[in-house]
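The same subunit A turns up in both complexes below, where it pairs with subunit B and then with subunit C.
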Partner chain A sequence: MVDLLQLVFAGLSQGAVYALIAIGFVAVFTVSGVINLAQGEFAALAGLVAISAAGSGLPLPAAAVVAVASVAVVAVLMERLAIAPVKRMTTLVSLILTLGVSTGLKALMLLVYGPNAEGLTPITPGGVTVGGVSIRYQELWILAVAGLVALAVYWFYERTLAGKALRACAEQPVAARLVGISLGRASLTAFLIAGCVGAVAGVLASPVYFTSWESGLTLGLKGFVAATLGGLVSVRGAVLGGLLLGVLENLTAGYVSTGLRDAVAFLLLIIVLVARPSGVFGRHAEARV
Partner chain B sequence: MSLEVRGLAAGYGRLEVLHGVDLDAGEGQLVAVIGANGAGKTTLLRALSGLVPATAGTVRLAGVDVTGSGPERLARAGLAHVPENRLVFPTLTVEDNLVLGAYTRRRQPAAERTRVRDRALALFPRLQPRLQQAAGTLSGGEQQMLAIARGLMAQPRVLVLDEPSVGLAPRLVGEIFTALGRLRDDGLTLVAVEQNARAAFAVADSVSVMDRGRVVLHGDAATLATDPRVTAAFLGGGVSAEATDASDGRH
Partner chain C sequence: MSRRTTRARVAACAAALTLGLAGCAESADSGGDAAATDESGPIRIGAVLDITGAGASLGVPERQALELLAGQLEAEGGIDGREVELIIEDNQSTEDAAAQAMNKLVSQDQVDVVLGASRTGPSLAMRPIAEASQIPMISLAANAAIVEGSEWVFKSAQNDRVVIERMVEYMADQGWTTIGLARDASGFGEGVQEIFDEVGSEAGISVVAVERFAPDATDFTAQMVNLRDAAADVNVIWGIPPAAGLAQRAYAQLGITTPVMQSHGIGNQVFLDTAGEAANGLVAPLGRLVVADQLPEDDPQREVITSFIEDYTAEYGEEPSTFAGHAYDAWQLAIDALREVGTDPQAIRDHLEGVQDFVGISGTFTMTPEDHSGLSKDALVLVGVQDGDWTLLPDQGA
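Showing the complex of A and B:
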C-alpha cells in the first residue's frame, strides 16, 4: 500500500511536468495546426538557462524568471521566423519545420552548455516522510506551481477576451478573421503561451529529473503523448493526460520493470491513436482549449 | 453608408471567379444578389470583406476606396460579413460569440457595446434566454440569428450576408427577412446573397442577377420580379429555390 502511494505520488509530480508541456502542444496546435516538436526543447533550454543563471549568483526566483523570459523570446522568434512566413501551413510541413528548429536548439544548447546533465538547486531542499511515503519538497513545489499555471491558462481561455479570441481562431478561423481577429497575432500568442508553460515545466523539473541539452527529446515526447491522450485540443485533457501518463509510468517502473518506464508512453500512444483518436477524456468537439 | 463596386475581379490562385462585377447599394438599401450555383456570389462577398484579395477593380465605402484591405480593417471601416453556413463559434457561449463580434470595438466604453448588444437581442429575442448556452447547441435558425447578431456587434454601416435563409423553415426565413427589413429601415445598407429568390424579392429594394462571375441584370425588385429572364431562371417552377450553394465558387 505504501509502495502504491509512493509510486502514485511520484507519478503525479512527474505527470504535472508532462501536463505543462502538453498544454504547450495544445495551445499551438489548436490555433495554427502546428505540432511543435521543439516544445520539449523549450523546457530543456529553460532548465539550462536557470542553472547557469543561478550558477552565476542570481537568486533562484530571479534565475527562474530569466529562464522563462529567455524561452518566451525564443518561442516568439521561432514563430516569427519559422512559422509565420509559411503561406500554406499543414501539419506535415509543421513537423518538418519544428523538427529543424528543435535540432538547431539542441545543437545550440550543446555548444553553449556542454554535454553534462545538471540539476538546478531545489526551491526547498530536502523532504519529509508522511505515513511511509517519502516526499521531496521540490515535488510539492512542482505540483503547486504547475497547478497554478494550469489554472491560469484555463482562466485565460475561459474568461479573457484574448483567450476567447484564440478559441475562436481554433474553432472557426474564417469567422474569427471576419470579426477582426488577426490569425497571425493569435499564432504568436499561442507560441508565447507554449514557450512560457514549457519553460516553467523545465525549471520545475530540473532539480528532480536533471537537465541536459538532450532532455527536451524525452520531455517533448511525453508531453506530446499526454496532449494526445487528451485529444490534443483541450487544456483539461492535456492536464489529465499528463497526470495519467506520469502515474502509469511510475507504476510500471515500480511493479514491472524500471526499463519499461519509457515504453509506457509509446504503448499508450499507440493504443489511444488506434482506439480513441479523439482522446480518452470527452468527445473531440467539446472543450477545445 | 453606400457601397460602390466597380469592375471587381477576384479568384482563388490562378482561377478567376469574378470577372469585373459592378454593384451599387445606396445608404439604407437592401440589395439582393441572386444567381445559380457557381455564379460567384459567395466569392463576391468574400472579396468585399477582404477574405479573398481583389485582383482588379475598386470597392468604395461611402466614397472611400477600401480595395485591398483585409477583413480586420474592413470591419473597422464599417463592413460586416455574415458568412455562409453561419460559422458561429460552437463551444463558446452565445454571449461570448456576441462579445467577439465586437472585437474591433473592444476599446470602446462597455456601455456602448452593451447598448449595441441589447439592440441586436431586441431584433432576435430568441437569443436572449440562450445567452449562456454553447452556440453549437442552437438550432440552425438560431445560429443564423446569432451570426447576424454577431455581425451587428461590430456596429457596421454595411452588412453583407451569405445565404441567410439556406436550410431554414419558411417561418424562420420570414423572421430573418423581417429583421433585415427592420435593419434597412434603421439606415443600414445590406447586401444579401440568396438562393431563395422569392424571399429576396419580397423584401429587397433592388436585385442583381449574377451569372458566371458577372452581374448580368440589375434593377429594382418590383420591375425584375416580372422580368421574363428572371422568372424563367429563378421564380419558375423548375428551379428549386431551396437548393443549397455549398460549392459556390470554392474548391
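Showing the complex of A and C:
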C-alpha cells in the first residue's frame, strides 16, 4: 500500500509537469490549428536559462522570472517570425514549421549551454515522509504551482474578455473577425500563454528531473500525448491527461517493468486515437477551451 | 569538430599539398602511390566519443583530455617529425551514430587508430567495423564483452569483472550476502547480475533483486521502491552520471538506510554534484585519479596522475574525471605504439597486445592475447564519499 501511494504520488508530480506542457499545446492548437512541436523546447530552454541565471548569482525567484520572461519572448518571436507570415496555415504546414523551430532551438541550446544535463537548485531542498511515503518539497511546489497556473489559465479563458475572445476565435473564426477580434492578436496571445506555461513547467521540473538541451523532446512528446487524451482542445482535459499519464507511467515502471515506462505514453496515444479521437474526457464539442 | 582539429586539419592539408608536390617531382623514379600510403604525411587518430546525449558527462572530459594531449604532442613536433592529426566524432550516445562515425573514420579519413567509444553500447557497435577493416581500436568503456575474443579491439577502462571482484571482496568483508541491484539498462549494465552471481558464489553472495533504468532516466522512485522491498544486505547502483547520481538521490530520499555501493561509472564531479548529500557514505571501486592527493608517496601511478591533473586543471580550470583518465590511457597506448612501430595496422595491433607494465591513469596495463583490457583489480581502490568528496578507504590490500 505504501508502495502504491509512493508511486502514485511521484506520478502525480511528474504528471503535473506534463499537464502544464499539455496546456501549451491546447492553447495554441485551439486558436490557430497549429500543433507546436517546439512546446517541449520552451520547457528545456526555461530550465537552462534559470540554471545559468541562478549560477551567475541571481536569487532563485529572480532566475525563475528571467527564465519565464525570456521564453515568453522566444515564443512571441516564434509566432511573429514563423507562424504569422504564413498565409494558409494547415496543421501539416504547422508541424513542419514548428519542427524546424524546435530543431533550431535545440541546436542553439546545445551551442550555448553545452551537452551536460544539470538541475536547478530546489526551491526548498529536502523532503518529508508521511505515512511511509517520501515526499520531496520540490514535488509539492510542482503540484502547487502547476495547480495555480492551470487555474489561472482556466480563469483567463472563462472569465476575462481577452480569454473569451480567444475562445471565440477557436469556435467561430469568421464570426469572431466580424465582431472585430483580431485573429493575429489571438494567435500571439496563445503563443504567449504556451511559452509561459511551458517555461513554468521547465523551471519547476528542473530540480527533480534535470534539464539538458535535449530534454524538451521527451517532455514535448509526453505533453502532446496528455493533450491528446483531452482531445487537444480542453484545458481541463489536458490537466487530467497529464496527471493520468504520469501516474500510469510510474505504476507501469513499478509493477510491470521499468523498460516500459516510456512506452506507456505511446500505447495510450494509439489507443485514444483509435477509440476516442475526441479525447477521453471530452464531450463531443469540437472546439472547447 | 573542435577548433584544434580544424586547425590541425588545415595544417595537415598544407603539409599534404607540399608533400604531394614533392611526391610529383619524385614520382618518376619512386613509382607513384608510395607517398599516399604509410610512412609519410600526418598520422591520423580518430576518436568516437559520447559528447552529447546520455553519455555527455563522460564524453566531454574525454574530448578535453584528447585535445589537451594532441596539443602537447603538436608542441613537441609530433612523432618522428610526422604531424599527428586528431579527428573527433560525436556519436550522440547512440549505437548507430557510433557505427556511422567509425565507418567514416576508417573509410573516409583513413585513420591509423581509433579511440572510443565512451560507453559500452556504442563501443560494441564499433567493434565489428574495427575487426572487418583491421584497424586497431581502443575503447574507453567498461564491459568486458567489448574485447572478449577480439583481435583488433582493446580497451582502457577497467573491466566490469575486475570491478565486481573488488566489490564482492568488500561485501564479503562486511558479511553481506544478498545484493539488490539497480542497473543501467544499456550495454554498460548488461551481464552485471550474472558476473556478481558468478564471482560471489564462493562467498555465498548473490543478487536477489534486479531493477533497470535507462541511461537518460530522470525518475527513479519505482526502482528504488522495489529495491527497498527486496531488503537485501547491500544495494548496488550500476550506472553513469547524471542517472547514477539521481538514483542515489532518490534512494536517500526514500529513506532507505541499507548501504549502497556504486560502480566505477561514477568517477566525476557531475556525480557528486548530482547526488549531493545523498552520496555520503556510499562506497565504490574507482581509479586512483579521484583520490590522487591521498595516495601514498610510493604509489607507482602517483607521478603520471599528478602531472595529468596539473596539465588538465591548468587548461580547463576543473579537475579531470576518471573518464578523462580513460581517454589519456587510450591516447598514450596508441602514441606509444605509433612511436615504436609506425603506422602499419598489424604492427600496432601486435604492439598493443604485447604492452607490459604500462603505467597509466586507470592502472598499470599488461595486455596478453587473451586479455585486451590489461587491468587487474589492483587498478581500483575502494573510495567512499564523505562530506561531498572522494575519500580513499583505509586498509586496502593493494
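Methods note: the second predicted complex is superposed on the first by the 286 of 289 C-alpha atoms of A that agree within 3 Å, B and C clash if a C-alpha of one lies under 4 Å from a C-alpha of the other, contacts with A are read in each partner's own complex, and residues count from 1 in each chain.
One rule holds for everything that comes next: contacts are C-beta pairs under 8 Å (C-beta built on N, C-alpha and C of every residue); 3 or more make two chains touch, one makes a residue touch a chain.
Treat the numbers as computed from the prediction; the structure is a model and nothing was measured.
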| item | value |
| --- | --- |
| Superposed model, subunit A: greater residue contact from subunit B or subunit C | C |
| Which superposed partner A:5 touches (first subunit B, second subunit C, both, neither) | neither |
| Subunit B versus subunit C as contact partner of A:182, first or second or both or neither | first |
| Which superposed partner A:171 touches (first subunit B, second subunit C, both, neither) | first |
| Residues of subunit B that touch subunit A when the two form their complex | 49, 51, 70-72, 75-76, 80-81, 83, 87-92, 96, 99-101, 103-104, 106, 136, 150-151, 153-154 |
| Partner subunit B, residues of subunit A touching it in the complex | 161, 164-165, 167-168, 171-172, 174-182, 285-288 |
| Subunit A-facing residues of subunit C, complex | 51-53, 56-57, 59-60, 185, 211-214, 216-219, 221-223, 225-226, 229, 242, 246, 253-255, 270, 274 |
| Subunit C-facing residues of subunit A, complex | 3, 6-7, 10, 14, 110, 114-119, 127, 129, 134, 136, 208-210, 212-215, 250, 253-254, 257-259, 261-262 |
